[in-house]
């Protein structure tokens, strides 16, 4: 008995592609991890084993390499060129999705000057650019960052919360708050300067995290960060955060006859809280949370 | 300026909880990794820093521990009890989502007999149970597995595919196919025997993978596996797979003056193909692919 | 100013090589992760940038691929052939060290029979074979396993230990003991049947772990396991274990008004105890612990 | 039959301890991952299950927490205090080894000024401090770093190497060189300023990597880095490096009818070269490579 094929897609993940651009002695190093996904009518491949309309995932990789030959000025522009090509190459395709994680590298300082061709990993997390495009339609491009670790040793409280018989957490007006921010944002259109936003938005986020010293919760700081991003970046219409609460728990030193006035903490890996929230301009419909 | 809060949720991840059940000398060890997520009206917490309606994520953990006190007969039943409790404890909550990964352990064989209280990790991957429940509604529960690694050294081909100028992959009628299956399935209702399905469905999947020796692609095998599951398990209405194509590439030994008649392969980590597909009974509307 | 070169070596890690052997319809799949290290006189390369005596690490990989062309009957034999070749290829080399991790795969059962060419990961951990050979000398080959996870829900105690003012751990006569065994063993000579030992020794270890129900500590069980291996395997002269103590801590449910009679445990990732110990036959000098 | 106990040790790994020091508004955040290992006469514990001389690993953790109560001025000093205490607490102990990985955090810049209590991860890798001390002897303390990722897009060659029939690597006078440095160093005595060296040595290493533009190999750059460290830091007597060669391979675009003048590279995870080397002052006996 044959059962119908439901929602499906396929693609290539983990395409690790780097480019070097040269402006005289000054080199720029671009370090990408690319994921390509195609949706369309692939029923024959699944049901009958007929591959006639299947573009191999290896070809998706080759396409990325070939289209990088003349350099990658902007990641968003590169995703547009790859998507355009995939619609041409694969007539069965209805939708292309490309996600590019860019690992930042910054110039090594030598004797106080940035070196022209030597690099170390940048701070501030990877940038994440996602293009989603239906055939014969405009692409939607979101920007984002991930892996932005932040920590403050004061200026954070958690109290006044709901209590029940399974509550043992002590209230505190002064705790360590630590998180690793993942943020995704939408813009007024695909033609904004995604590269500039990828640099500027994390600066806003990070400074707001630092300044927000009356934090009552991760939720509270999240909303402040989102508001600051919308305030300072007119091209951004919504921003979504995923912020784990990476607990640093005060160690009880009383069994050793010692007090612990917020000096010694144990760093916990698990469990961890996870806070997700979206901040949007009035009238903007942000996307739902991922499933 | 204050911007409105959009879609949001929060919860606890990485709750590592184990239980021991004793039937005379026979012990049963249950090893869970639990994630709890709540949605509801948490605007005051985000916008004003008012935590009055926030159930701490630490309490979610405490709730899981307390409700495990009398044992965990079935993971699906446990998720129902936790969800019920969270709706009571937290009036602001509209929706509860609980995902439980169960790590399998099986009895060590000693002198040909299973040992009553000594265990080693089971084969066949973790089981994944997800409950999603809206307040005053019935829960939806999906079953699943992840981490089911499978490999066959013949009986797999990939040829007849679309070719363009970026295609370099050679066609083959005999290759290694390897994957690590992640599968999620829906059932006729929440009261089916999820525990039994968690054991039986992987057996069907695995046997079908082994038997399907005229495989033209991962897609083709995926559809065969889905069909077999629906054929053999009347309680299942749809099944979705995520199956990476873990490439084992034939090594070109010709530079060394040697042939390579399908003997020596290099195992690649990246890049990897990813195939996702759903198989559903006629008239069933399976969920969309995750975003 | 030039400073002298001290101890040095170089090589290739992460050579992922798989082979398929065919005996009629019955296939055997061998899945290796190979590390090659060379020591010798490489002063000119370090100090002067003169590569004349440097065999590229890429060639070490090519050598492994080429020598696998006719199959890998035994991993120990394969390491001997590769070492022999490297001494010939690279006159500057004084010492070769090759470590091979073999990932086990076992046949999928279909309708009660093992399938001839379909596999899933085996239980019982990876095997680790290490050859160390000086030029013009016999190789020393050690066997081993790693990743052997074991857990028992009773039959383990920890009490009567040293107490001081920093001790808060409660004594217990009944706890969960869990570990992931790494074991390395030496033999009476390089020509013993390393493949057979790689299968048989973990069986002995695992059964002893299960049976040792008067365990007073991880140390105590470690020594019992080592003794059993030496008792049952005459070719083995010493065995060294590294056994983390993977803590499963009893959850204190008293804040919730509940007792916890060894039912609910929290699984801790960190910190973890680590116990290392060697058991050797009388008169045998086992190697020191790794630095 | 009872077999003698050979080399053994035990301890606690993964003690995640953080401290906050306050100088008015200026906070300093210290983030440590501590491993403690003890050697001594623990035969009774292994052979007879007699724990009377066993200090629990949980107590080692408690000792670290208690001794951190008054702050951690220097990691080297902290390891000395912990070691001293462990010799007192545990009479059976002959040797203490403590390894501390410190994760660096640096102040977030807000409006051009470093924030007093908000931090992000520092660049330049973790520092690693290891104390080894025998009872009634002076401690030996080594400093180190790990995770120092460095990359240069030119100024690196690899040619003139040994060729044989398994060599396929093309020679190049211009390649990308990338590595993640792990370095360990010894000093003239335990009382040098380990904290200052932990900051200054990576600066020397990194600048030398950048400047060394006539690199003929990783070995060549390694030796240059070691020489620069010894030149600039009189307290250091030897330094050992482990430097993987993280390959960035030029993509062959000729199948697509394109050239590739050092523009597009594929980033490989595996296999990778590994180069280890020591540079020492004349007359200094550096330690052997780890086993």
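Lettered A, B, C and D in written order, each chain numbered from 1.
We adopt the following convention: contacts are C-beta pairs under 8 Å (C-beta built on N, C-alpha and C of every residue); 3 or more make two chains touch, one makes a residue touch a chain.
These numbers come from a predicted model, not from an experiment.
> If over half the contact pairs have to be identical by residue number, which pair among A-C, B-C or C-D is the repeat of A-D?
Repeat of the A-D interface: B-C.
> Could you let me know which interface, B-C or A-B, is made of more C-beta pairs in contact?
Higher contact count goes to A-B.
> Quick one: report the Å distance separating subunit B from subunit D, using the average Cα coordinate of each chain.
38
> How many angstrom lie between the centres of subunit A and subunit B, each centre taken as the mean Cα position?
For subunit A versus subunit B, the centre distance works out to 24 Å.
> Could you state the distance in Å from the CA-based centre of subunit B to that of subunit C?
30
> Where in subunit D do residues touch two or more of the other chains?
Subunit D, residues with two or more chain partners: 16, 62, 66, 166, 168, 255-256, 269-270.
> How about subunit D: which of its residues touch subunit A in the complex?
Within the complex, subunit D touches subunit A at residues 16-21, 27, 29, 31, 62, 65-66, 68-71, 105, 108, 110-111, 115, 117-121, 123-124, 148-155, 176, 206-207, 209-211, 248, 251, 253, 255-256, 258, 260, 262-269.
> Residue numbers of subunit B touching subunit A in their complex, please.
1-16, 37, 42, 45-47, 49-59, 61-63, 66, 89-90, 158-162, 164, 166-169, 214-217, 219-220, 222-223, 226-227, 230-231, 238, 240, 244-245, 269-282, 286-291
> Write out the stretch or stretches of subunit C touching subunit A in their complex.
Going through subunit C, the ones touching subunit A are 165-166, 168, 255-257, 269-270.
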